[in-house]
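Paired with chain B in one complex and with chain C in the other, chain A is shared by the two complexes that follow.
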Partner chain A sequence: MKTLRSLGLAAILALAAGPAHAQWSDGTIKIGVLTDMSSLYTDLSGAGSVLAARFAVEDFGAAAKGMKVEIVNADHQNKADVGSTIARQWYDVDKVDVIVDTPNSGVALAVTEITREKNKVFLVSGAASSALTGAKCSANTVHWTYDTWALANGTGRAIVRTGGDTWYFLTADYAFGHQLEADTENVVKEMNGKVLGKVRHPLNSSDFSSFLLQAQASKAKIIGLANAGGDTVNSIKQAAEFGIVAGGQNLAGLLVFITDVHSLGLKTAQGLIFTEAWYWDANDTNRAFAARFSAANKGIHPTMIHAGVYSAVTHYLKSLEALKNDADGKAVVERMKATPTDDRLFGKGTIRADGRKIHDMYLFEVKKPEESKKPWDYYKLRATIPAAEAFRPIDKGDCPLVKKG
Partner chain B sequence: MFELLGIPPQALFGQLLIGLINGSFYALLSLGLTVIFGLLNIINFCHGALYMMGAFVAWLALQHFGLGYWAALFIAPVVVGAFGIVLERTMLRRLYKLDHLYGLLLTFGIALIVEGVFRNEFGASGLPYVIPDSLTGARNLGFMVLPNYRAWVIALSLFVCLATWYVIERTKLGAYLRAATENPTLVQAFGINVPRMITLTYGFGVGLAALAGVLAAPIYQVSPLMGSNLIIVVFAVVVIGGMGSIMGSIVTGFLLGLIEGLTKVFYPEASATVIFVILALVLLWRPQGLFGRRS
Partner chain C sequence: MAAPPVTRSDTSFRTQAIVFAIMAVALAAAPAAIYPVFLMKAMCFALFACAFNLLIGYVGLLSFGHAAFFGMASYVAAHAAKVWGLPPELAILAGTAAAGGIGAVFGAIAIRRQGIYFAMITLALSQMVYFFCLQAPFTGGEDGIQAVPLGNMFGVLDLKDTTTLYAVVLAIFLGGFLFIYRVIHSPFGQVLKAIRENEPRAISLGYSVDRYKLIAFVLSSSLAGLAGATKALVVQLASLTDVHWSMSGEVVLMTLLGGLGTVFGPVVGAVVIIAMQNYLAQLGSWLTIAQGVIFVVCVLAFRRGIVGELGRLMGKRL
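== the complex of A and B ==
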């Protein structure tokens, strides 16, 4: 079956004679990309995340700097127990120094505990739960690209402000969905909106008509989709079929990736509003990255998760170069927090004490079919949410690492 | 207006109808499985993958040859059925004399390979396939909005299910088939080409899966994973209905669609599990299934 795929060949870089003073445990910096290689999150993370990590290592020029970097990857199958087993094996047996990506909040929360126990490093790009920098925060984890709070804050606020003040949630029934729903509900209530009801569906449901009918019956103005990937795509598609949008209700996709929009087609997806951290067509650097990425990834353009993996791995290597030692995970993360981040995809940013990476977020709207001029030309920018407002204030997350003043 | 457990009756009717729609997919898929199991004794684990192939053939026909939905309804079952026949001729045929388990393992392996190839080629997010123009729109039934396409799905699958049942249980051809399963040597002695009949039956069962795939394409995304999401449920349907019982799998398909639909209203978190709870109960109480004969 879907066995552990430890493709050690992914990126073994030249065995250049390393400077004698650098202390790489067992001689190699080993990056483990733990992701969904076979199920609904494959296109938005998966092999693309492995590719992004490889690009980051190449662009950093690790080999020329005498750092021997190796990338391995494995499929966690969206199961926390499978993910935990792989993480333990990687840390204990395969001498992996850092785990990156890991979509699926359930798996990511499990891996963050193991990483703390083994004192390694965990760089999250794929998972969404804001608990990773809240109650479950860890001195060994950095949450890079986005989180449920940022999505709820960006999208929820924008929608309530334009009159969408009654909500009904369609929620994926696991850690991520619950967190996204809770974070959005807080925003809605804070702005004097009302939540009329919610329904929790199992992960990977294919038929949403029953849930949509319940949402329709609630007469809420906004149906909030607190789910992701194929679940979101099917919800949106079937909502159109059942005349929900035509009947005056609107959908709020709380977590939508460009691969979802591509899969839906603009005809169905047009007008959707959502928050993302990165868009390939925003500037020349991003376009160049997208061209290189899609050429090696069957034409699939990079999502914000892929960009986040690139950015996170770059900053990790930079911090190692300065520290000259990768053995103590906590020390590496401390160094990463102490150094401002600066890479070509995310620009300048910082990492807070609770492990939250801070950067601007963007509110996008999906273009109408006639507005799209080229392949993958899908978004128009509605607003930029400045870094200072984009993420949960550091004192509101109940993270034990943050000193109460 | 009275309410049933807090749900107004109108909403309940809507949910029941949706249950029937999903049930019609279960019925169509489990029918193919049952025909194959009942007549060939093969547990066809690649049924989900063949269903997915049906949807992809429809998508590819539209993308590359401009052939629309109506053409796909015929093309997909034929193309995928032919693929099934090749499988039967080259691989499955060698396993008839062995235990069921070997067929199960082989078809399971084929399913993984087919899904892997499609995932590698087309990605996992799925591809869009639009509802044909003549079936777009919806009618308001008072208690719910019924999309025309879904009404068509129920009608077609009911027709196909009943026609299949009639052919196998009530015609001469069906009688040959059933006799060939009971005692192939004897039937062959009457001058009937049993191996060819078995090959065609397998092709037919596979064609049913592909037909369900085409029906599903406009509703769900055309995705390499669409089969594996469904196949386990469909197996549960077949087992609950009684392995090999054709009417059993049709009735159980619709029935479980209804039960699942109701679960989505009263306890949505359990909607993915309810069928397996029923499966366990039925196996405890009536191991041969609701409509199965005790062997």
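== the complex of A and C ==
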């Protein structure tokens, strides 16, 4: 009875809308935000990413355009099998059309495979592995905000150029850390710098003392932190306690987010150099977004991952509006690649054939405590890395999609 | 009470046969109502818990390292299917054999001690397996092995079809379950129970206790491996979660919750825990707290577990 009635309703709606009626599979565009809600990536992604997706849908005016958009979210607990079970169930049972964000490269790689198999869409903002647009690229995946290559390239190049030519790596012992380390090492060597050694620590460590002592003993000018989230925060804090920076060595954060700087405090974090894709205090539109975001997110300001989720969802919805059909994930991503991106937060940009979103990257330095004038006023812009140089050249990634084209 | 006199084990057998039939029919019909991938995952964990229960419930050995067998088998099966290109039946066999092999080594070392020492030795050995899996290149570290191909079982059954895959997993689960049931109720199983009740007496009766314990350990680890290898095919990936020590703890929880030393207990416990993890994923870190509370309540209020208490109420052994 219920189905009959809704069928009837659908028929009336279809007639009313005329020939231009869009084909939304099961009537709704369902966005699944798959992220870490309880562990080390909660602040830099987590609930904020769900919020950013909601803002994107509101700002796009989906309801006014007759697009019914629904957002669901889940916690992947940083476990690949939990993440992949959720993704599979979302696609099979809950009719989710697109999964966004997904910090943790291991989970993101698993979701990429499932998205390819089910022909849906996967918009990565939180995960960093450049393999997502390299050897493991997929016609159903767009990698939005940043990747290990861009971070390593931006930070590594700038630091070696200013005299930091000997490096020691403190690396999180999983695929993401290894990739970050390898990418930076290549840049350092290419610039005639030297890597004196490296040490690997387990994910989610709390004690870095033995690793930091090894780094200190190496006498390298720069200690590169190839880790993320809580690991980076802990290693920077403990390095300060060991007097590593005071002793003349410098820390290079290869993946630092504004939430990390916030929890470290400027006193500990000052002078740290790193690369990011987006900063809330860069212009008026960003500031307006940050004000709205932090008001709804316990005062926490948006990270580049949140901004990336906003930007990605906006472009996805725009492409759907033009395509009027969300059933074929591959076609949606093709459309997204064919249209230049343009949104409030990231401005104009493009998406390459390998799924890499291209935009400017920025090299930031953390301000000294006395330079900071207001809450969350943390960064000084050191350099802008133009879009053309910011990401790995398309022919260097071994992406099968590119070879074919 | 006019019925002819029957022994207690006869009625128990009849009840167990009926319950088994109900379980088999329910599982065969369930995909119509419940998401099949979830059910398959639950069956893999149920088999895992049954294998664990064989050791703790019937020999009285608390292994705290069963994740090593479960996880290692899932890595070997995933690697065999993906890199060596083996068909699924051989991949599962390879995983099971690997787990059995590790089980033989672990068992030979661990059965020399009892009680807490036994548990600690198995925990230490399984941590070695965990760090091996973290570092070995073939496991892919934190990324795990992804996109495990499903292929054709015996060359004819196309596992890419969910219904076929479900039937195969159901067959593996029921087969493993019946095998364990047969072991428990064989003369061999009687000796195991004798060892559980009173080891010195079993020795004095002339049983080579160590040999019995080792065989039971290898059987349990192989069946845990069978469950792990099957799971690798179901979720199409093998990851560190399965070799992590918390997985060893989870299987203890499943078995205790369902009912230690009962035939059906581990199945019920596994389904309850997996359902919680699956349907309460939105709770985030509250999920682990909820699991802990259930564990505490179970230990304090109904120590025989769900099925154990039901059996007591019915006056039957389940």
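FYI, the second predicted complex is superposed on the first by the 383 of 405 C-alpha atoms of A that agree within 3 Å, B and C clash if a C-alpha of one lies under 4 Å from a C-alpha of the other, contacts with A are read in each partner's own complex, and residues count from 1 in each chain.
In the analysis below, a contact is a pair of C-beta atoms (placed from the backbone, for glycine too) under 8 Å apart; a residue touches a chain by one contact, two chains touch by 3 or more.
Quick caveat: nothing in here was measured; it's all calculated off a predicted structure.
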item: Three-chain arrangement built on chain A, chain B and chain C clash or fit; value: clash
item: Which of chain B and chain C A:93 touches, first, second, both or neither; value: second
item: Chain B versus chain C as contact partner of A:151, first or second or both or neither; value: neither
item: Touched partner set for A:38, first chain B, second chain C, both or neither; value: both
item: Touched chain A residues, chain B compared with chain C; value: B
item: Partner chain(s) touched by A:82 [first = chain B, second = chain C, both, neither]; value: second
item: First (chain B), second (chain C), both or neither touched by A:113; value: second
item: Which of chain B and chain C A:173 touches, first, second, both or neither; value: both
item: First, second, both or neither for A:211, with chain B first and chain C second; value: first
item: Touched partner set for A:73, first chain B, second chain C, both or neither; value: second
item: Touching both chain C and chain B, counted on chain A across the two superposed complexes; value: 38-39, 173, 202
item: Chain A-facing residues of chain C, complex; value: 35, 37-38, 41, 134-135, 140-144, 146-147, 235-237, 239, 241-242, 277-278, 281-285
item: Touching residues on chain B, where the partner in the complex is chain A; value: 8, 11, 14-15, 18-19, 21-22, 112, 119, 123-128, 130-131, 138, 144-145, 147, 149-150, 219-221, 223, 225-226, 229-230, 261, 264-265, 268-269, 271-273
item: Complex contacts: residues of chain A adjacent to chain B; value: 1, 38-44, 46, 173, 199-202, 204-207, 209-211, 213-214, 217, 229-230, 233-234, 237-238, 241-243, 247, 259-260, 262-265, 267-268, 298, 300
item: For the chain A and chain C complex, residues of the former touching the latter; value: 37-39, 73-75, 77, 79-82, 84-86, 88-89, 92-93, 105-106, 109-110, 113, 173-176, 178, 202-203
